[in-house]
Structures are given as C-alpha cells and as structure tokens.
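After this come two complexes, each holding chain A, first together with chain B and then together with chain C.
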Partner chain A sequence: MTAPTSAPGAAADVVAGSPGRDAPADTGRPPGAQRSGAPTTAWRDRLLDARPVLVPVAAVLGALGVSTGLAALAGATPVEAATALWEGMVGTPYAIGSSLNVAAVLLLVATGFLVAHRAGLVNVGGEGQIAVGAVAATAVGTTLPPAVPAAVALPLLLLAAAFGGAAWASIAAWLAVRRGVSEVITTLLLNFVGVAVLVLSIHEEALLRQPVTSSETLPQSSPLVDSAHLPLLGLPDSPATTAVVLALAGAVAGSLVLRRTATGVRLAAVGMSRPAALRLGLPVDRLRFSALTTAGAASGVAGGVLVASVPYVLDEGLASGYGFSGLVVGLLARGSFTAAVGIATALGFLVSGGINLQLAAGVPASITQIAESLIILGVAGTAIWTVRRTARPTRTRPWRPWRRPATPDRTGTEATS
Partner chain B sequence: MPTTLPPAPAAHDVQDGATAAPALALRNVTRVFGAHTALDGVDLEIAGGEVHCVLGENGAGKSTLCNIVFGSMPPTSGQVLLGGERFAPASPADALARGVAMVHQHFSLVPTLTVEENMLLGRGVRRLRPDRAGLAARLAAIAETLGLRVDLDARAEDLSVGARQRVEIVKALLDDPRILLLDEPTAVLGPEEVDSLLATCRRVAAAGTAVVLVTHKLGEVMRVGDRATVLRGGRVAGSGPLARDDAPDRPGGLGAADLVGLMVGRDASSLDPVLAASVGVVGQGPAPQGRQEAARTADRTVAQTSVRDTTDGRDAGTPPVLVVSGLCVDDADGARRVDDVDLAVRPGEIVGIAGVEGNGQSELVAALSGALRPSRGTVRLGGTDITGAGPRRRTALGLGVVPEDRHHEGVVTGLSVTTNLLLGRLRRFRRFGLLDRRAMQASAADLARRFDVRTASLDAPVSSLSGGNQQKAVLARELSLDPLRCVVAAQPTRGLDLGAVDDVVGHLRAAASAGVGVLVVSSELSELLVLCDRVHVAYRGGLRGPVPTDAPDARDRVAHLMTGAAA
Partner chain C sequence: MIPTLTDLLVASVALAVPVLVAASGELVGERAGVLTMSVEGMMLTGAFASVVGATASGSAFYGVLCGAVAGLLVGVLQAVLSVLLRADQIVTGLAANALALAGTTFGARLLLDRGTTVPGFARIEIPLLADIPVLGPALFRQTGLAYALVAAVVLLAIVTSRRTGWGIAVDAVGQDAASADRSGVPVLRVRFTAVLVVGLLSGLAGTQLALSEVHTFTDNMTAGTGYLAVVAVIAGSWRPVGVAVAAVVFGLAQALQFTLPALGVDVPFALLVMLPYVLALLAVAGFVSHSRPPAGLNTAFVRQGRLA
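Let's turn to the complex of A and B:
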C-alpha cells in the first residue's frame, strides 16, 4: 500500500457526500471521520485530517508571498508592506471598524448566496441586486419626511432595499423556473443592467440625482434624511455600524432556517435531486423561486446598508465589487454559515488592509487587488486537496515494463489478413 | 493499443492452452477501499478456450475484479498473471494492448456514428487515414470463424440493444484478445437476444479465447459455463467445473443448487420461489405450492398491517382501485410512447407488466406517478380522476410509487435516511416552526425497523446504504402512506442482491394481502410469473395480455407476447 488514498476511513469519507457541499443539517459527521488509523500511520492520519485547515492557510501564505514580491517590485520593502497591511487591518480602532463594516456587507451577500445554493441555484447577481436595492433604499431614504423617527425610517429603508434586490433577482428566478434559463447566466447579465439602473437614477434629476446647482454638482443622490442613517455600534473611535449586528443576525437566521426547519430540508432536497423532490410532491418551482429571490433580498439589504452608511449618498462606485466578493465568500464557505462569517471577516480585514497598503506604503492599488485575487484563487484552487480523494485512486506504477505488447505478433504494424 | 489492426486470429491452440499456463490467473488478490475490503485474497484461474462464469451477489466483488483485470485500478496486494507473465495494466488501453478486452454493462458506442466509425474510433490515431481495409479484413475473419456479422453502415443509435451489444463484442474481438470479459451482458436483453449472446460466447470460446462471464443469473451460467467461480463478500466461496445440462459426463460438477448455496451462503431449498426465479434456478412458472409459500412469506412480513385473507381481495367482483383507460403518452418529439393502454388493478391483486425495456413501461409509470401528463385517456384511483393531478395529490389519495431510477427519483442520496423517509410529510414534525428532531428520529427508527432498513446510523446519508437498503427505504416511505390504496413499483428488484429481493418481494406481497392493489413493472419475467396474479406484456407502447400466471403455459405465452405476436 503506497498510495496515501488507501488510508483507513477514506471510503467512509466518500460515502459522506460530495466535497463541495457541507453535509446537510441532520447527517452529522462523516461516519469515518473519527476512526483512528493503525498506530504507524496515526501521525500521517492526523496530518491528513487537518488538511481542511492546513491547505487554505498554505494557500494564503503562498499568495501573500507572491504579493510581497510584487510589492517589492513597486518599491515597498516586505517589512514596510507588511506593516502597512497590518496597520490597515487591525492597527487602529478605526481600521477594525471599517473592516467590520466591509465584512458585514460581504456576509449579507454570502448569506443570500448560501440560501440559493442550498436549492441548487448559483446567484452571481449580487452586484446588480446591491445596486437595485441601494436605489430602492435611496428612494425611500431621501423622500421620507425628516420627522419620521429612526425606528420607522430604518426598517422602511431596509425593507425597500430587500424588496428591490428581491425584485431584481425575481427576473432571473422566473426565467429559471418557468423557462429553464440558467440562473448563472441571467443573474450575471442582470448585474450590468442593475448597475446601469443605478447610474441612470443618479444622473437624472427626475429620478434620484441631487438638485443640480452648478456645473460641479456631482452625479449622486441627495443625502439621506438623518433618521435613515444606520446607527454606529458605539465602540470608541470605531465607525462600525449596526450593519455588523444585522449581518450576523441574518447569518444566524439563515443557518437556523436551512438547518432546523422543514423549508430548509425541502430546499436541500430540491438542490440535490429535483426529480426526487418532484416525485415526493414538493413545490419545487416555488422553492427555487423563493430561494433565489431571498438571495436577491439579502444582497438588496447589503445595498441598503451601503447607502445608509457614511457618506449617506448613492453614488456610482457604490457596489464596486461587493457582490462578487460576497459570492466568493459564499463559494468558499461551502454551505457553512460559520465558515461564511469567518471568511467574510478575513476578507473584510484584507480589503481595508489593502487600502492602507496603498496609502501608507505607496503600493499601487492594482497590486492589492492582485493579492486579493491570488488569495481567493489559491484557496478555491486548492480546495480539492482538503478532501481525501478516493473515488478514483491514484495509480501507483512501481514498474511498467510493457511499453509495447508482449507477444511479437501483437506489435500491430502489419494490417494484412 | 496497437496503432493498426492485428492480423487475423491465429486460432490459439486449445490443446496447448490446457497444458501451458492459464490464460489469466489471480493469485491472492486483495483490494481495499479505505476500511472496506472489496476483494480478499482471491485466487482464480481461467484457461484459454473456456467460458468461465464469475458469479456473486451485488457487492460480492465482481466489478472490482473486472476493474483490476481491465486495468482501471491496481490491486492492493496480490498478483495477476496473464499467460504466465506478471500483468499489471496501468490503464484499460494497456490491458487491451496485452490482449484483455471487456464489454461493459453499459454500452460505450457513440450513438451518432456508424458502426464502422465506432470500430475505428480510438485506433490508428497516429495515421492520417483510418485503416478501413484492415478493419474489413478483420471483420470478414471474425464473421467466418465466429459467425458474427455486423452492419458497418448502420448508425449505432438505430440498432436494437442486442445488435448494439453484438457490435460491442465484435469491437472487443478486433484485437484478437486472449481474454474477453463480459460484465452482466444479459441485463438489458430480451429472451431471444440472450440465447444468441450465449451462443456467441460458446463460439468465441471455441476459437480459443477465454471468455469470462460476470453475472448473477444462474440460468445463463448453467447453459454456457464450463467452470464457475462464486464470490461472496470479496472471497471465493467456491469454484469448479459446472454440471451442464448438455454435458452429463461431468457428474462431479457444480449444479445450480450448489451455486445458489455458495452465492447466498444457505441452502437453495430454503429460498423463496421468487428469489429462486430471479437467479434462474426455477425456469418455469409457479408451482401450486409456490403461491402458498408466497402467502406464507407475506404473513411473515405483514406484521405492520392488518392481514386479510389473500383470496378475498382478488375477487373479480371487487371494483378495481386503479383504472387506466385509453391512456396515451407522447414524448417531447411527439412520438407516441404509450399507446391506448387499458389496465385495471383490484385491491389485493398483484398485476405485472413484463416486456423488454423501452416498450413504454417507463412512460406509463411516469404518467401514473404524475411526472408526465398523458395526451389522452384517464387514470382513476379509487373512483377519483387523477389524470391531471400532481404527485402530492396522488400521494394524498393513497398512491405509492416506487420509481424505476432509485438514485435519480427514489431517494435524495445526499440527505440522511431519516430525512428521506419523512421528506414527504415534514409538516407533521413541526414544532414552533422548527423541525422536531426527536420525533423525526423516533418515527424514522420505527419505519426502518418495520422495513428492515439496515444502516449504521439513521443520520447517515442514504448514499452510504447498500442498494437493497436504499430500496427498502423507498418501500418504507411509499408503503407507509396513510391511506394506501395502490402501489406502482417499477423495476423494484433491479440491481438488488438476493436477500434484498426477498425483502422487497415480501413487502409488496404483504401490501397486497392487506388489500392494496399492486402494479409491478419489471423486465425480470421469472420474477413476475411467480409474484403476480396476472401479467401484461408491454410491446411498442401498447399492453398485450393479460396472461394469468396460474396457467401452465404462462411463461411461453408471455414470452410469445414479448416478441410482438398477438395473444
């Protein structure tokens, strides 16, 4: 036995389900996970069992190494770059607060993604849904009379944002359910339309553009009424808003629904086998439609949160990649909300660290983007190594003397009869 | 893989082969998958010119054995010898080049290519033009020595299943292999095609090639095999020459009863008649006591339902529970798949639908289960018209469906056993909006116990269960409906091992004796003849018959109908 894949417990891992999906709520742990190996292979087994942690960490370190090299090319020494990154991530309460705000937005998008993904739908449309959600939120936030108390204004704003995102996603959902069009295509393409809707609405005074008083009036909305601003968490010197609480609550709620309710189990059934779900009389179309619109609503709320945070206006750069980063969080989390919280936080810190890298160390913005992309690619690309491959064992070739057929009359060079 | 075609067969010398090393020998071969040992110290010798049958239930290690010999996976330990030389193919192409050919259970022809193109596929890749002349010469030689002829210009998708398999066999023979492996070759064939295949096996063996027939059907083994090896749980349970009907000069050979004993590890005479029929021991229709035996089996397994006298429910006077009249189903292309079918199932009655697959059975079941909308005709369940009803309403009215494709439709393989058992009735387990795990566990445990679903844990995904236990889980779900008036079971025993067939059949009978109408669609004629009261035959979308199974010539009449002849 030379192949590492022949280690005990490997078959049980395969049985436990596909690597790309977290085991559904009630299946518990893989049956072979706790089986101990023979004494001689115990240390290797333990190492192999630690792969889900070791591999991503190695991937992140590798990506950071490459990025440090790139930063050095741009003139920043590794020490300078690392210091700037660290300062930007956790150096000040301000840095931590803005990191958490970014993480909250990513987590909202990722939560929606996970809900849709449980039903077998991939929502690539976070970007567009954020944009439309933000437009809806702005429409509410700028038109409410200032006298409305925050306890009414904020929920109204977030509700409008959720409704906007859900409405946007419902286009793709309807096409997927009724016409069988792949939601990957439709949600992706609707991103461009959604962002265009945002741009249009802040360029037209008839829509959301602030009153044009001079040629220098920026194409953005008027500021939201005060009562529609998201309150800060109240941490000293920290810009962290209640969006963090909102996002965490959303993740908990999503986790609870998917794991503990009949709806969650039905969504999982639909996601894993539509024919079986149909056979059992589950409302497959309705479940898929609502899963994707829920994802849209979550992204829409993310858009609302963005508008209701500093500087409280809707401008062109609002969505700027949050949708796709949230999608990445959802993909990397592989069905687990706990993982989503962790990954969103890590990514959030990295994003604000990257900003400081530009400001303090003078590293071009493109390099921090490359670094982020490398980390994501590294983690996603090495994910396959975090699970034990057993479906098709690695072929061992101790020796292979038969480059040609053994019997002389089988050389196959003659074709006569 | 040779780059061109080899010369005509040099007709391996059979006499020499007897004294020389065996064509293929396995020495103490073991294959381990994680904690599971699929093959455990298997020794096997196959001589040139013999038909060697490898028998075993599902999971006995037959496929693993094939995969090792054909180079799809290496053995964990042990040696494979080909013609006395050590043989460790790194890939199927490697195995082919060394003279080991395999015909898989599922065909590997490209449907849109012609037979000739399929045969040329993958060979001569380094040449500019395919070697058509060489192929023609080789085919002529095969036709001459083996009498196997194929139509080179036909498109693969236009061929019948039997003809397609013949193409596969000829394709495998092109390289003049020393060993031809056939994996469950009769699973998809009608009775006549099986005969022709078995004759082919004999002719190929007579030309000196060793033929390895992997199967679980004893009837075929007894008809063509020279020797047999029985696998059970990854070990060789026994092997030896067979006592063939046409070769009574081998009195010491293994008989059918011996083989069954080796396969299931118990005496053949203790087997349920359906079980015996499914492996081909009993070739004829049910003996009178077969029915009694059946009733006894039903009583044994019927503990969960009130037992009614089995004869009561089958009274001709009882109004049927399921009535299908003038049913037509068209596929997406507008082709008629089910053509004017009339059918009635009375309470307590087991009605069978036999026929070679692809004669509209799947579409009929889909229309009955609500997956397909019929274009004409009606389906009535207990007097209610359910022609246009969805699956949920049908279930509520008491229609249980055991789907044909277990993995696709029967279960959600990634979800736990508990969830699968209760997926259709989650509503009952809601408490404060959340699912009551404990109540679900209890309910699932009860179902699993009643239907003998064996699993390490009810929280384990269904994919970790054996095929038999998966099917039992499906039965547990469908037969525990309340109310239950009719069960439609499509290929309920397909791919199951003998013990599971026993259980499945027992549960269906128990349902029938509790007054439920049972409709069984199966391609296993022997099983239907023993299990059912009447057997219809599906042919080109229509239903022929019915043939009452207690008629002495029932088997012949059904087989006759399967060829398309009028009743």
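Let's turn to the complex of A and C:
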C-alpha cells in the first residue's frame, strides 16, 4: 500500500478532462475512454462536451477580473495596468521575443508532463528537473574547449541537460514503480533537493562557481563558451532563440508518439487502468518508469535552454516558477498538444507582461502567479461538472484467489475499493 | 560540547514546533480521508496574516487571531474543493499553495513596511525546569504561544484518539466512507470539519513561526515546511506519537543548517538545506511500504447513485 496516492485514473482524469470530442488531439485514445454512467440525451451530451472548453474560459475571465481588482488595490488604474501588461506582452519586438522564449520553456515542461500524464503519472517535479538539467548543461557548456563547433557543442549541452533531468526524475520513477510511493510526493520533495543541488554547485568553486576573485564575485557559474549559446531565430530586434523551434519540435514529436505509435496506445492503456494493462501483458512498470523519466528529460532540456540563453550563466533563480507554470500548462491542455502550444504561448506572454506590470505600473509581478493559480483552482474545482465518470471504480483485478498477483497493486483505490 | 548541544536542541525545538502543530492537524485530515497538500499555503497565509494583524493592532494576541482565521479561510477553500466539489485533492492543494505564495508576496508589498517592529511573544522560562542542563533551555524556555499550541496538539490527539466518538468517526470516514455513511456518520460534515482543523492548526503553526521565532514576515518564509508536515504524517504511520517523532526529526534536520555553521563545521550550506528533504524522501520511500494509509485517503465520497 502506499501513501497518498493518485490512483492512475482518479487524479489524472479529474483534471485531464473528459477524453473525447473536446480535444481533437485525443483521437488516438482507445475506445472505452468514453464510458458514461447513465444514458444521456444528445443535447446534454453536446453541452457536456462544450463544458471542458467553457469552464477554462470562464476560469481565465474570472482570474483576469480578480487580477484587475488586485492591480487596482496596488494603485494602478485598470487602463494603466492593461497598458503596462500589453506593452510587456507585445509592445515591442523585444517583448514579443522574450515572451516566446518563456513560452518555449513552458512548452518543454508541459510536453514532458503530458507524456507522463498519459501513463497516469503526475509530474510535479519540473522545477527540480529544470535545476538539475541546467546544472548538467552548465557543466558541459563551461568545460568544452572553445574550439568545438556549435554543431557539436549545442547537441552535447542539450543531451547533458536531458540526461540530468531524466536522472533526477528516475529517482521518483524508481520509487513509484518499485516501492509504490506516490510520484506526486517524491517529485515535489525532489524539487527542493534539486534546487539545493543547483545552489550547491554555484557556491562551490570545486563545482561550477566562477573563480572567486573578490568579495564581489557573485555566486554563479562562469559564462558558457560561445559555441554553446543557443542561436537567435534572427528576427529583427527580437531575442527569440531557437528554443522556440526546439519546443515546437518536441511538442510535435510528443504528439506523434502518443497519437500514432503503439507506445502511445500502451501508455494510455497504463494510464487508464493499470490492472487491465497488466492483464494485456504490457510491461507496466517499464512504461511508467520511462514515461516519468521522459518527462524529466523534457524538463531537463528546458533547464539547458535556460542556461544557453542570455546571460549564459547558471544562477540561483534560474528554475524558479517555470516548473509550476509548466505544470499549469500541462493540466489545462487536457492531454492535447495543440492546446499546450496555445496555452504555453498565452502564459509566456502573461509572464513577460507581468514583469512589465511591475516595472511600469508598480504592481507586484506575483499577480500573474495569482492569476495562474486561480485558473487552476477554477478548472480543477469544477471538474465534477465537466468530467463524466462512472459512479464507482470497478474491481478490475483478475479473480485468482489461489495466486498472488504478479505485480501487487500498491496504489490502492482501484484494486481495493 | 554541552552549550553547543543545547543550541542545537533549542533550534531544533524552535523549528519542530511549527511542523508538529501543522502535522497533527494534517493527521486528522488524512485520517478522515482528505489529503491536504495546502498545509504549506495555510502556514504561509497564517504567518502573513498574523504579522499584518499584530502590526496593525499592536498586539500579538490579535496577530494570533488573524493567523488562525487566515488558516481557517484557506481551510474552507480547500474543504469546499476537496469535500464538496470532489476536486483533485493534490492538484487543488498545490494550486492553493501557489496562490498563498503569490498572494502573500503581493500582500507584503502592499501592506508591510520593511523595518517596522512586529509585536511578538516573549519567552517564558518555567522556573526550575528551565535550569535542567541541555534539555531545559530547549523545552522550557518557549513563548506562551508555543506552550499553548503544544497543549492544543496534545488535546487534539486525545480528543481524536480511537477511544472517543469523534476519533472513531474520523477513522470510519477515512477508512470506509460508504459504511460510515450507512451507519449514520455525517461523512461530508466530518471531512469538512477535519479540513478546517488542518487549516486552523496550520495557520497557527505559521503564526508560531512568525510571531514567536522570526518576528517578521519574509516572502516564502515557510519554504517547504508545510510539505515536511505532510511527510511527517506519512513517516509517522498516521499515529500521533509517530508523527510527533517525525516532526522532531525534521526540526533537528532543519536546525543543523543554523547550528553546524555556528560550530565552524565546514559543510556547504546547500547540503544542509537539502538535508530535511532528503530525510523526507527516505522516510516516504522506507516507511510507506510497511504502514497502511487510511483506505479512503485521497478519494472523494459521494453517496451511491447520486453521480450517475
């Protein structure tokens, strides 16, 4: 038995929304996803199908309303606040570029989240995985000889980042698979440890800290060699980097794997019912392990991207906030990569806008986090109206009283209830 | 050696009390079947509100009142989401924490001035007992609030023990909500109240941290203590004594980061910062497999036939 755990379906599906017509990207899901408790009329069906779209929209509008009120409390008139926000989001080519860069990082984290989520795992560990991925990337990016061409240096750096993030997530994955510990708790705790690893590595000269020459030397790494810098996209006056392309490619790849390959179907099977997947003979443990590790790798790459962008150093605040925002994108996307791209972009612009809100209108930037968390509370809180579920989880373990199940189901709810 | 050991114990107890108070609230919540991840947010909100209240009124007692009410309000939010709306308990808990972190950071910019003195609680020495070597200063030189909170924790453990009607109701609701419902236990009311208890105690834990120990509010001042409280419940195998021991161990682990550098031990600070969380991971990984959580933990209750 395990601790507080999200039964694969329960935690996942409450927020994942009803699978089916609302998310076009979801057509790859096997039949059976659309179980409905009671016979419903066509129109009720249609209304229920519309809700998963209507509710997030309502949540966003509500969050915007609250945020406007808070901005007014902070002394900015709605017009002032909106102007500052708009300027920070799309006012200049520079603002657009940096918004896109934020969006790219969020999309990378969200892509990983969606992969793990398909297998019924909730990856809360984005922040720690970003931190460790960034540390690994910095280790590569600062030690490579400058003569190495970018065509070699960048892939090496990103590979190291992916490996770092994957290694970090594999701790939680191993504990989930072997010891039945909820990945929510472990990835959450690993965030704190991962950020501490980052802090440790930039405070110790033996690790990644830049050579201390005076008492003024900041605790951060040396700058990366030039060849390990992510190239800009080349848009005029825009700081947008190739990370945008990388993140989009990642999302497309993730979407293809989940929708068009056998692996995707297997992951979905594991996510919907582990006992059923076991009965089908699927390597459930291996699939869950790889799904969470892949999520870690994606977040790790996000960390690598952050280090390989301006100012090309590893510092203490590097990972902060991206993990949670990436999780927000993944949750709101409800399994759809198309939605994830859109939401990551919107949130990326919102985050940049929030920074300008602080600079130009004096409204604390944490207002964007308030808006984000309100949206999540709104969407998760209304799940009972938007998600159709069967009344009770059914007993799905094969009836073989004479034999212990091959892999004891440790997560509880569905096997024991 | 004796003075340094004393320092370590003093710091451990100082850091263990908030974890203990929050964890004993969380214990009641989890026994009732509600996994409240928002302890962190409740503590932070409690700490913030207590500092705002104490500064505005000039009295630490009003600060405690504000901290308790603020914790309760987050508790109401979580209870509505987890119990009435049957939302995902973990996701809403984490979102509530994010909301609390951002909200208090925002509020601190507006409401708190740097450098104003916050009315706090003074330490009260218990005569004779405080003179016991090593243990005395750690245990018997606390603030009045700390004594009151520890008393409240003991009282709560007694009131919700398995020998009282309340305790049995809490366990019944957490183990098998459907059977409890059939036997006439008001499942939703018990669960809702349990989450309120979590909110109240977590808010007070944050208050203790702010008004008895730190005497000010800083952004994200709980910095993960609430998660340690949640883990302490798991590590303590859902038993009050076990939870208390786990809370003390986490307090000790947190205290090392302040005491070891003072001793001149050359350990990187970041290693000490991660220590409690590494311990928490080990605890979760090691203890979970041979202790049983309440069977209905993290499962919403709905009476048969209503959902379909």
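Quick note on the criterion: the second predicted complex is superposed on the first by the 312 of 417 C-alpha atoms of A that agree within 3 Å, B and C clash if a C-alpha of one lies under 4 Å from a C-alpha of the other, contacts with A are read in each partner's own complex, and residues count from 1 in each chain.
Keep in mind that, in the parts below, a contact is a pair of C-beta atoms (placed from the backbone, for glycine too) under 8 Å apart; a residue touches a chain by one contact, two chains touch by 3 or more.
It should be emphasised that the depicted structure is a prediction, and the values quoted were computed from it without experimental measurement.
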Q) Which holds for A:Val265: it touches chain B only (first), chain C only (second), both, or neither? A) first
Q) Which holds for A:Pro231: it touches chain B only (first), chain C only (second), both, or neither? A) neither
Q) Touching A:Pro364 in the superposition: chain B (first), chain C (second), both, neither? A) second
Q.
Looking at A:Thr382 after the superposition, I want to know if it touches chain B, chain C, both of them or none. Which is it: first, second, both, neither?
A. second
Q.
A:Leu278 in the overlay: touching chain B, chain C, both, or neither? Say first, second, both or neither.
A. first
Q: Return first, second, both or neither, reflecting whether A:Glu372 touches chain B, chain C, both chains, or no partner chain.
A: second
Q) Both chain B and chain C contact which residues of chain A? A) 1, 6-7, 10-11, 14-15, 390, 392, 410, 412-413, 416-417
Q. Can you name the residues of chain C that touch chain A in the complex?
A. 30, 35, 77, 80-81, 85-88, 90-92, 94-96, 98-99, 101-103, 105-106, 109-110, 224, 227, 230-231, 234, 268-271, 273-274, 277-278, 280-281, 284-285, 288-289, 291-293, 295, 297-299, 302, 304-305, 307-308
Q: Report the residues of chain B in contact with chain A in the complex, numbered from low to high.
A: 2-8, 10, 32-36, 73-74, 76-77, 82-83, 85, 88, 90-91, 94, 97-99, 131, 133-134, 137-138, 140-141, 175, 369, 371, 390-395, 401, 403, 405, 408-416, 418-419, 423-424, 426-427, 429-430, 433-435, 437, 440, 456-457, 459-461, 463-464
Q: Provide the residue numbers of chain A that touch chain B in the complex, in ascending order.
A: 1, 6-18, 21, 23-24, 26-28, 31-32, 35, 256, 260-262, 265-266, 268-269, 272-273, 275-282, 390, 392-393, 395-400, 402, 404-407, 409-417
Q. Any idea which chain A residues touch chain C in the complex?
A. 1-7, 10-11, 14-15, 37-38, 70, 73-74, 122, 124, 171, 175, 179-181, 184-186, 188-190, 192-193, 196-197, 199-200, 203-204, 324, 327, 331, 364, 366-367, 369-370, 372-374, 376-377, 380-384, 389-392, 410, 412-413, 416-417
